[in-house]
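Take a look at the following structure, please.
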Amino acid sequence: MSETLPQEGGVMLPGGPGEAMSVEIRDRSLVTQEMNLNIGPQHPATHGVLRVVIDLDGEVIVRARPVIGYMHRGFEKLAEVRDYRQIIALVNRHDWISAFCNELGVALAVERLMELEVPTRAQWIRVLMGEWNRILNHLMFIGSFGLELGAITPVFFSFREREDIQAFLESATGGRLHFTYCRVGGLKEDLPRGFLDASRQMAQTMRSRNDEYRQLLLGNEIFHARTKGVGALAPDVAIDYGVTGPTLHATGVAEDTRLTEPYCVYDQLDVSVPVGTNGDSYDRFVVLLDRIDASLDLIEQVHEGLPGGPVNLKMPKTVKAPKGAVYVRTENPLGQGGYYLVSDGGKTPWRMRMRTPSFSNIQMVPELLEGSLLSDMIAILGSVYFVVGDVDR
Amino acid sequence: MATSVFALEPLWLALLLQALAAVLLFLIGALVVGYLEHKVLAHMQDRLGPMEAIWHGIGQLPADGLKFLQKEDIIPTAADRWVFALAPAVAVVPGVVIIAVLPFGPGLWLTDLDAGIFFALAASGVTVLGTLMAGWSSANKFSLMGGLRGAAQLISYELPLVLAAAAIVIQAGTLSLPGIVEAQHGFTLFGVPMIYGVPHIIGLGLFFVAALAELSRPPFDMPIADSELIAGHMTEYTGMRYAFFMLSEYAGMVILSALATVLFLGGWYPWPGVGLPEGAAGMVLGFVITFAKILVLSAIMVWLRATFPRMREDQLQRLSWSVLIPLGLLNVVLVATAKVWF
Amino acid sequence: MAAPSLPGSGLLKGLRVTLKTMLSPATTAQYPHVKPELPPRTRGVIALMEENCTVCMLCAKECPDWCIYIDSSKETVPVEGGRTRTRNVLDRFAIDFALCMYCGICVEVCPFDALFWSPEFEYAEVDIRELTHEKDRLRAWMDTVPPPPPLEEGAVPPAEIEAGIAAARKEAEEAAAKAKSVAEGGAAAEAQGPQIDEELFARLVAEGTPERAARAKAKAAFVKAQKQRAAEGGAPTAPAQGEAKAGEAEAQGPQIDEELFARLVAEGTPERAARAKAKAAFVKAQKRREREEEGGQ
């Protein structure tokens, strides 16, 4: 009964992973001419300037190819002419919603190359800030995912929480988005008085708010219809593409750098990694909500265990990393971040290369899009968590 | 039964007044419901909504209208100029026409057609022509898909709408809208005066869901689906033409809420069996009651919009053909049986 | 997660959340009417303590955006009975806030405490050129710089600050001893030097506040107390002093737009902010006048 759709009509894209893709159709009489549609570079569903070129048969996506690079800002090249202090200010700008985690990665890389032992208190505070940043990031995607499915309220709720969290992070770091709080050898300065109280209180509020999101969306039958079984990702495919973070966890693989290669004081903490089972949009969203709770657990452990002491090493005026190379992995909110730093002993890196989770996530997207409906594209793009700045750097 | 206040001599004066009243009601209704949506939606999302224009943002929509007037009217080069320019008007006209048969109070209707309900539902079906025209003529793929989705949606949802109304017509024994209100006024359920909405709870639900789909309101707003199709058929429109589409959406909310009020909620009477004073006082009171009911229904539409994600086009069709239409047919059968029985 | 028992119960749960939200008050802050309360570390605008600047150019060199412009000249200072010495004079110090990325590196690297962050943020301009704040405007922001906040429990202040605190403690002890000895001649002590609230200062220092901050706060507390006294009519000397100071400031220091200042204060803007704004307005007006004059020629 089924036949392969003829390939004429649509625009052929060279080298697209979907080239060999074909769609099974039941009734020959329903074959229509393929339509080529550009989603983006400016489209509400791509949050940023990602472009997805798709070929449509009716509303079924036959081929899809993400086109990246619209937001390339030459970060890696720029890092070669900026000293380490400046890099920390720059690095929190490519993925603007996980600023602190990026700073941390670079700081860790330089510290490892210089063989510095960062004060314990600084390491604990780094975990605290990192986990709050993770929550900030996830809130963003919880809101935007709802918005893309047409539920307009979650985004206002999640931004309300983001605002509260940012307010007390600002009291410590001075910034709301670009914290610039990490330094090679520690932190910029210690927490201001009252910070821990605010943090404790917010952790409590956040737990009840997280339940509110669950009530608003998770039980909703329309939400189930839109997300369950949509864009299901197999664990082996995810691993093949190098997908990490919540998108990978949703497939049931609990690979997390905080467990496998702990940095800071994650080895002294009880890190839990929520996983899904089906790897579909629904699981990805549930994992995101559960990760907020997991991060809150970590934050509460930090509240309990935060030791006293200095937060900074005595550093020379200009930081010079010794000759050599180092690769540091961190668990960024969207997945594994990698920082490959090569130094020739100067005050700027000789080469700075970053592995960003969004890039790996986005290259897997055609795998999910082909054969799905146009409406499902939104559910898929919204739940394969990526930041365009993080893709293009 | 009361006659329309517009049944005047000479005829030209009556016609003039009727046209004026229809346009005024259309505009005022749309503005009030638009403001309601702004505010209710905002508070459901923990916001305040417009606060600056005059008092609590009450002048926001007129101000927006003024802004739209000043905007450049852009017609894409590849667009089908005439169809493109005409589409917003086509979307607006049915709304104004339907208002002519809607009763807003005792005697407060422009004309009492014998087949009022039939006329209203038929005219509301024309709205989609505007959507289709806009979608087709914009020379934009997103618009086209929006237009086609809109057409498909209308075809499947006109049926449950009509079926729900048919059950009421069977119950009331008349097609005239004021007639239905009067019939409902005398209706009792086991001796208790009752609005049709209670025994016809299935019909009310059907009518409401179908009305949402017909209006492309969330959770059935696939034709506009802003995260998929930018703004569907409205993507290429600017300025006043765009405002016309928005106006027709809000007016549509008023009209379908008013129809639901007449069919299921007792029209201008506070409750069946409870009368209104004679004369002007009754008219004013009737108008206020009708409008209050319309606003409550509109607020529920906004409430749904604030809470639910959008459905998918195929899920929408499945819901209509495999749930709503069978349910509507069953409803008609049940009502007809009950009508004969009692 | 339990499966929903009834079809539609999930929909109702969601409706309950939105309804509950509607019935509780909204969290929106009505911004232009209600100003946000920003923490002291907020990176709003960079202020320049011109007197502390030695034109070492570190800030301009370290700035990732190169948005700090510094011009300087050398000035010879004759020294009695020796060779003349040269001194750097700051001719121009400007920060282009249209380029600035608010990283704070300049503030951090300044070895002489000449740059500070202020939480003020309302300095949007219609003309992008106005966003380049020159020396006097940057100096005016100094009035809005809050003292740094005290640190969280368990924090160890950096070594240099600790040393400073130790020194301050010693100084405070000495001062306290001195104060005791001249307890009778309190009025005399009041007449000389900038006074501070010694008690508060000692307490703050003991709490681990950096000395500078503690001193600033203590001074503020003292001045406040004095003002209060003056208002009560207790000490006739204090207001006289204050007036003299004000007169002095008017005569020499950067002038402010008095009219705007009065209006802002009347509107309830905090005095510090009002002064900064009035100063900025004055500087701007002056600049415009200068530009017009240039244009006229």
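A, B and C are the chain letters, set down in written order, and residue numbers restart from 1 in every chain.
Everything below uses one rule, namely that a contact is a pair of C-beta atoms (placed from the backbone, for glycine too) under 8 Å apart; a residue touches a chain by one contact, two chains touch by 3 or more.
What you are looking at is a predicted structure, and each value in this text was computed from that prediction instead of being measured.
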Chain at maximum distance from subunit C, centres defined as averaged CA atoms: B
Of B-C and A-B, whichever chain pair has more C-beta contact pairs: A-B
Intercentroid distance (Cα basis), subunit C paired with subunit A, Å: 37
Whole-Å separation of chain centres (CA-atom averages), subunit B against subunit C: 58
Euclidean distance of C-alpha centroids - subunit A vs subunit B, Å: 43
Residues of subunit C whose C-beta touches two or more other chains: 11, 14, 17-18, 21, 27
In subunit A, residues with contacts to at least two other chains: 153, 157, 160, 216-217, 220, 222-223
Residue list for subunit B, restricted to those that touch at least two other chains: 44-47, 306-308
For the subunit C and subunit A complex, residues of the former touching the latter: 1, 4, 7-11, 13-14, 16-18, 21, 27, 38-43, 62, 64, 101-105, 108-109, 117, 149-159
Complex interface listing, subunit B residues touching subunit C: 40, 42-48, 51, 303-304, 306-308
In the complex, subunit A residues that touch subunit B: 35, 37, 43-45, 59, 146-153, 156-157, 160, 216-217, 220, 222-223, 225-226, 373-378, 382
Of all residues in subunit C, those that touch subunit B in their complex: 11, 14-15, 17-19, 21-22, 24, 26-28, 30
Subunit A - residues contacting subunit C, complex: 82-83, 85-86, 89-90, 93, 121, 153, 157, 160, 170-175, 178, 180, 188-196, 212, 215-224, 286, 306-312, 314
